[in-house]
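Look for subunit A in each of the two complexes below; its partner is subunit B in the first and subunit C in the second.
After this line comes the complex of A and B, so read on.
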């Protein structure tokens, strides 16, 4: 018997029908895939749920699942906010996502190869040379270099959103050092610990196979002549915001986690210093940005890199994953050309939609952007983590003027997109002790290796925890949900 | 045939011991159609691992790694090489001035030579100086470049002390003085603005014939002239390059060609001295 003052979890859920709700349709009926889950959760009282939520938080804290938030004056270590209500993606919907992100990653790989070789897409007049040559991430040292298996973007994180039309759109392709996959796995573990029973009602794909697939990808791109490669993960160190992930991936792959000072280059081979002497290293999953990899080739003052590493890479004695110079293709200005890029290299139509993008480097686009800032999102082309983004309809007049000034100083650095309405998902909000609608996105993880490809069946659903907020990045105070991909 | 011996020496002393250090020199003369390296010997005063390698732009590097503490270290590189006279230009009489400008306006050409057409931080002409030198389209590209070479030579005074290899053009144009890297940066900047590929060359100059030179590495430009290829221009001396110019490396600007990059684990003051001697043997 339930007490008379029993309050359902969703009793104060206020559905805004102008937004696309992942759980409720326009008539506020629960969507079919969520029905069972909804019934289970709605059967709980708020007190029971608060209790459960506190346990989950303690579990994250005890496992040290934290990340750093940087602000102007200090760095802060925070527990990764996790929501106990999972997001569900049905098999048919997932099929489109999986094919779509794979298509994009392959097209981007072909694009990067071309940009560092014959530059056919530029000669065909489809992508302007200026866009490439002015990119801070275009590494001319990569010109003519053939990475093992022709793979540059071994690991990609594609950010998707569902718009109010119910369709998926790609927001960003992250092909430098995308992070977040360790949270996907921990979210699953945390949910299993807290609510094991709910898994009995759904047949969902595992996400814990990521590390073994990643190791296979790393091994598939071993240098020529190596039988059993030694792979390592290199991290900038404990102060990096994603250090937890670096150590998690190394641990679950069963390989060493190293810093620059643990490696040394001799005669263009890379060695790891161990207590029993030097051990040759063949594949490096590097979580250090291009510029810091090798102080003798790139930034002179980098003390986190390995002197001579690039020369070893160039000679084919070690494989770097991802390849240096991939950043030229995840520049947000290149994003606009994705439909052309997919068509040019694969001869296919894009499976996933692109958000219309205005380039401030184009005079006509710039004019439009300056006149319509209040309806647009302004993004710097080469920043990650949601930094430097201005959302037009949230700006005051003086702020709009300030943004205009910043754009005009360096138009090439900015793009603008219509304000996309991210779908919303019921999310538990601690302050009001109830479920509320919050905007969500989805980061998928794709791996490309020699004769092997893999898309993690799941992903990181990031939640903007502030009401109405559209920026979901964890570095900006976002949370996350376990993401279930249903089997047929 | 001209035989040269080049001696590059560098001495560094430190206030406190250096525990570990990495050095990368790009000082070895290149083998190309006008120069042949006969021998190269690199010695280090301290116990160190010395290795030959290549950098990202395919030029030879000498990498040194010391693992024992030291307070002073000296490097010496001795190169012997033979230089031949470059063939005089064979200008194709059928190639008209219009052909010249047509060649550089083709998209494929602009894409293939992109690296040497785009400006870099060190080869950006300040807006106020955008029209310093105008190309005369009724004359060939080669004639214009010769004129530009002379113009740069006259516009800046060759003077040591106030500028470095990494001084921006804004300051160079204001002070109107600099050393060979600044002459080269200005020449490259103006060529590139006019859509002509230009690259920065780092090497040695034999000063026996009374040329202006630097006590360390010397810089000049190679500019791509359609129908002729890369032609060497030495704006600091107002000449086309000849057998006195010994090439080591090229790049978009000085930063691609830095003769030395280093990473030291130490603290405190240091003193460095670097000397280059180029001697000619008959």
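After this line comes the complex of A and C, so read on.
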């Protein structure tokens, strides 16, 4: 029997019907796929749930799945907020996502090959040359180089949202060093530890097979003439915010986690310094940005890179994953040409929608943007982590004027998109001790290798924990959820 | 195995072991002095100086030590490289850098250990928490070493940690022996005949957690000769120099067993020293105990330098 003061978890859930709620339909009925889960959660009292939530947090903390925040000159460790109510994606919906992101990643790969070789897409007049040549992430050193298997973006993270029309849109392609996959796996583990009972009611794809697939991808692009390749992960070091993920991936692949100072290049071959001397390295999964890879070729003051690494790469003696110079294609200005890029290289129609984009570099678009800032999101084309974004309907008049000024100073640097309404998901909010609607997105992880491709069946559902906030990045106070992809 | 990571694993082992010895030494010295049989051993200044000597803090001659300052420095002062807090911080930093190689269980234990030390209330510690805190350190480090042994693959990663633990333990035992020998000399300065049966030998055994097992071996109160024999040359007690040398040889051989045939390698030198101690008797050393302790200490320091040169700096 339940105590009389029993407060259901969802008793104060306040659904805003203008938003697309993943759990409730317009009439506030629970969607079929969530019904069982909802029943189980709603059967718990707030007290029970608070207890579970605290246990999950302690578990993350003790496992050291944390990041540093600095205040009052003191470093403090914080866990990434994790929500115990999972997001479910049914098999049919997932099929579209999986095919869609794979299509995009392949098209991007073909695009990068083309712009570092014949530049056919530019000759065809589909993408303007200035866009490439003005991109800070275009590496002239990559011109004419043939990476093993023709693969550039071995690892891609595609950010998707569900709009109020119930359809998925791609928001961003991340093909430099996308991070977050370790959280997918740890979120799943945390949920299993705290609420194992719920797994009995759903048939879910595993996410723990990511590392084995990643290792196969790395091995598939080994340099010519190597039989059993030595693969390593390179990290900027323990103080990097993604260090936990770097060590997780190295550990689960069973390969060494190295820093720049552990590697040395001799006669254009790369070696690591071990307790018994030098050992040759064949494939490097690098979690260091292009500019820092090699002080002889790129930023001269890079202390985390390896002198001579790029020369070894050019000779084909070592494979870098992802290839240098992929950043040219995840530029937000290139994003807007994705429908054309997919059609040009694959001859296919895009499976996933692109958000319509206005280029401030185009005079007509610029005019429209300046007149409609209040209805648009303004983004710099080359910033990551959600920085520098202005959301028009949140701005005061003087702020709008200030944004206009900034755009006019360098129109090439900015694009604008209609304000997309990210779907919302029931999320436990500690301050209110209840579930509330919060905006979510989804990052998927796609791997491309020589004769091999893989999309992780799951992903990182990121939650904007501040009410009404649309920016989900962890650097901006976002949390995450376990994401279930159902089997057919 | 990367040379840099090997270095970190080795030092992780050393710092875990060091924290434990510092905690136990402080605990035993402080509490046993409270009802010690002679005046000098009861003297608080004498005890605090001895604690400082253990960690290598150089205090000014004639300086009057303030108890709370000394205890804080030893245990929780983040600005003292020798503090227990700093040892555990270094151990955990080393674990962080080799997180992909040590077991999850092991990492989680060291991480929890670190947080329990970092968050230990300072005020409570310096007024009432000495026993509680030092017990916590001894307890946690024992659990941690159990996790290392019980959850990790016994490969070169493990061998390096064990190598660090054992060389640190041998060094600490020798160092404590040295301090206590000097203390025993001072205490019995006016009655040199009492040196051989000084109360300090009992404290010494307690400092290295060997008092009760020593009793089982000798069945009588400790004397200078039985204590030296036991702590230096007993192969069965895990807290003796000879035992640690055996362990060091076992584990360094896991890195590259063929080096045993190569003159001058760390493995060769450890083996040489081990043989020397295996066949030494207390009669051989009792004429110049002080010199022998000093010789053991410097030999261990040389071994450590040799290991670092040979394996960590390529």
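Here is the rule we use: the second predicted complex is superposed on the first by the 478 of 488 C-alpha atoms of A that agree within 3 Å, B and C clash if a C-alpha of one lies under 4 Å from a C-alpha of the other, contacts with A are read in each partner's own complex, and residues count from 1 in each chain.
What we mean here is this: a contact is a pair of C-beta atoms (placed from the backbone, for glycine too) under 8 Å apart; a residue touches a chain by one contact, two chains touch by 3 or more.
All of these numbers come straight from a predicted model, not from anything done at the bench.
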Combined model on subunit A: subunit C and subunit B, fit or clash: fit
Partner chain in contact with A:272 - subunit B first, subunit C second, else both or neither: second
Touching partner for A:247 - first (subunit B), second (subunit C), both, neither: second
First, second, both or neither for A:62, with subunit B first and subunit C second: second
Partner chain in contact with A:26 - subunit B first, subunit C second, else both or neither: neither
First (subunit B), second (subunit C), both or neither touched by A:296: first
Angular separation of subunit B and subunit C about subunit A, which is computed from CA centres of the superposed model and rounded to the nearest 10 °: 90
Distance of closest approach, subunit C and subunit B, by C-alpha atoms in Å: 10
Set of subunit A residues, in rising order, touched by both subunit B and subunit C: none
Footprint of subunit A on subunit C - complex, ascending: 1-6, 93, 96-97, 99-101, 104, 107-108, 111-112, 115, 156, 255-256, 311-312, 314
Contact footprint of subunit C on subunit A as seen in their complex: 61-64, 238, 243-244, 247-248, 250-251, 256-259, 261-262, 272-278
Subunit B - residues contacting subunit A, complex: 22, 24, 49, 51, 53-57, 61, 63, 65, 107-108, 110-112, 114-115, 117-118, 252, 261-263
Complex interface listing, subunit A residues touching subunit B: 119, 122-123, 125, 129, 132-134, 139-143, 264, 266-268, 295-297, 300, 303, 307-308, 310-311, 314-315
